[in-house]
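Multiple structures are listed underneath, in structure tokens.
In what comes next, chain A is part of two complexes: it sits with chain B in the first one and with chain C in the second one.
Now for the complex of A and B:
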């Protein structure tokens, strides 16, 4: 089992259109580094200076990491991680 | 309030619901709703709220109808090409239900006019198409203590949440700041499946009606995410940020900000 990562529509260009990719357990920041190594450019879209950008939220299952341990939140095998950026279309 | 025989027939499917009844329909008829944007989301939101018999609906937008709007903006038609969107929407809504008082406002919403404009309304529906307006509307709703139903769309996805000032988190608890320009692709350059605003705008109208009637649970403290490609709806939690710059006990933002 691995970590399931949901990729939002605006970032699917980096994953060849895939809306779900696999990640490795660890912390959120190590997961983002892992994703960036597989999908270059992902890191800077989600983080800035090691911090998750203020218009992007990351959820483990349905919990917002800002109210857990932020970038240091542990991700375990079987967890579902969702990356949810603000969108503005109307 | 007394409904005429014609009104009774028009709203019969509502009135026969025990959760709504004549009492609920009377609440709808007295309600005043302010819609920001007469585009993809504002069209279905306004259309269904009009059909439901909301007493007063104000709709603000500064654009004119363009042919490229008609793939999704169902309040407009080839007959209103080039005309102000709010006039076009007013005509469409009034032809569906003349009971409803539609106030068309052809203006840009700014930090200077928003507080006065939304002051008299029971709920605000954010159907705007840019981050600057979204943050402005959120902050103004917190300052004026007005419930806000905010929806947003992008390509095959939609997001929806409710902000109930004093009770739950706000849009800034969810996303603290707008992204810098060019951080995300603009919706106008990214494409959009035409039904996405139909789904999200209709759900916005549903939240407004529940709020007015006082039934069900509102999407407070939750973000609903719709994905058309997966035919999926899922919810994530939106906790109230105790340090929120606008809705916490010690806000750092006490005046409206123009991000545009």
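Now for the complex of A and C:
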């Protein structure tokens, strides 16, 4: 069993239109690095200087990683990770 | 997408929500199928500001999950401009991540609210016609 990663529509160009891809267990940051190796460009869209960007929210199952251990939050086999760009403006 | 199809009742609900939140910006999502909006989700603006909005992340996440489970697409993202025109601000353009969606803006500057829709792709703004169904 792997980690299920839900890809938001703005990033599906990088995954050939797939809204769901598989990742490896580890931490959130290692998962993002893994995704970036498979889908180049993904990393910089989600993170900046090793931190998740302000306007990107990441959930493990239904929990916001900001309420867990942020980038160091552990991701296990069977977890579902959702990447959700914020909806904001002025 | 060159037209946005929205039932009149949903337009009325958007306008009521925008007026209710005045003088702060209101925000929400329209969901539907095949480009036709069927449902409105009013979402909390955590910025509580007249010139800025950010949807409450948890609410946004829950709404998007529900839409996925119900096979709905995000047909539009709406927000109000209590003190400016119905046109995307530079901040709206720089944060327009959902390029497949239509951005609806309601201006409350005049007595009569003005509602317009736009496609914002790669910093290019294109007005979209709203068809009231």
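Worth pointing out:
FYI, the second predicted complex is superposed on the first by the 87 of 90 C-alpha atoms of A that agree within 3 Å, B and C clash if a C-alpha of one lies under 4 Å from a C-alpha of the other, contacts with A are read in each partner's own complex, and residues count from 1 in each chain.
Basically, contacts are C-beta pairs under 8 Å (C-beta built on N, C-alpha and C of every residue); 3 or more make two chains touch, one makes a residue touch a chain.
Note that the structure is a prediction, hence the values are computed from the model and not measured.
In the superposed pair of complexes, A:82 makes contact with chain B and with chain C alike.
Applying the stated contact rule after C-alpha superposition, one finds that A:90 touches each of chain B and chain C. By the touch criterion defined above, A:53 lies against chain B but remains apart from chain C after alignment on the C-alpha atoms of chain A. Counting the residues of chain A touched by each of chain B and chain C gives the higher count for B. By the touch criterion defined above, A:64 lies against chain B and chain C together after alignment on the C-alpha atoms of chain A. In the overlay built on the shared chain, the residue A:9 is in contact with chain B and with chain C. On chain A, the surface patch touched by chain B in one complex and by chain C in the other comprises residues 8-10, 55, 57, 59, 62, 64, 82, 84-90. Those residues of chain B whose C-beta lies close enough to touch chain A in the complex are 37, 39-42, 126-131, 134, 151-157, 159, 174-179, 183-185, 187, 190, 192, 197, 223, 225, 227, 229-230, 234-239, 241. Looking at the complex, you find that chain A touches chain C at residues 8-10, 55, 57, 59, 62, 64, 82, 84-90. Interface residues of chain A facing chain B in the complex, by the touch rule stated above, are 8-10, 19, 53-55, 57, 59, 62-64, 66-67, 82, 84-90.
Listed in rising order, the residues of chain C touching chain A in the complex are 27, 29, 43, 47, 51-55, 57-58, 60-61, 64-65, 74, 77, 79, 88-92, 95-101, 103.
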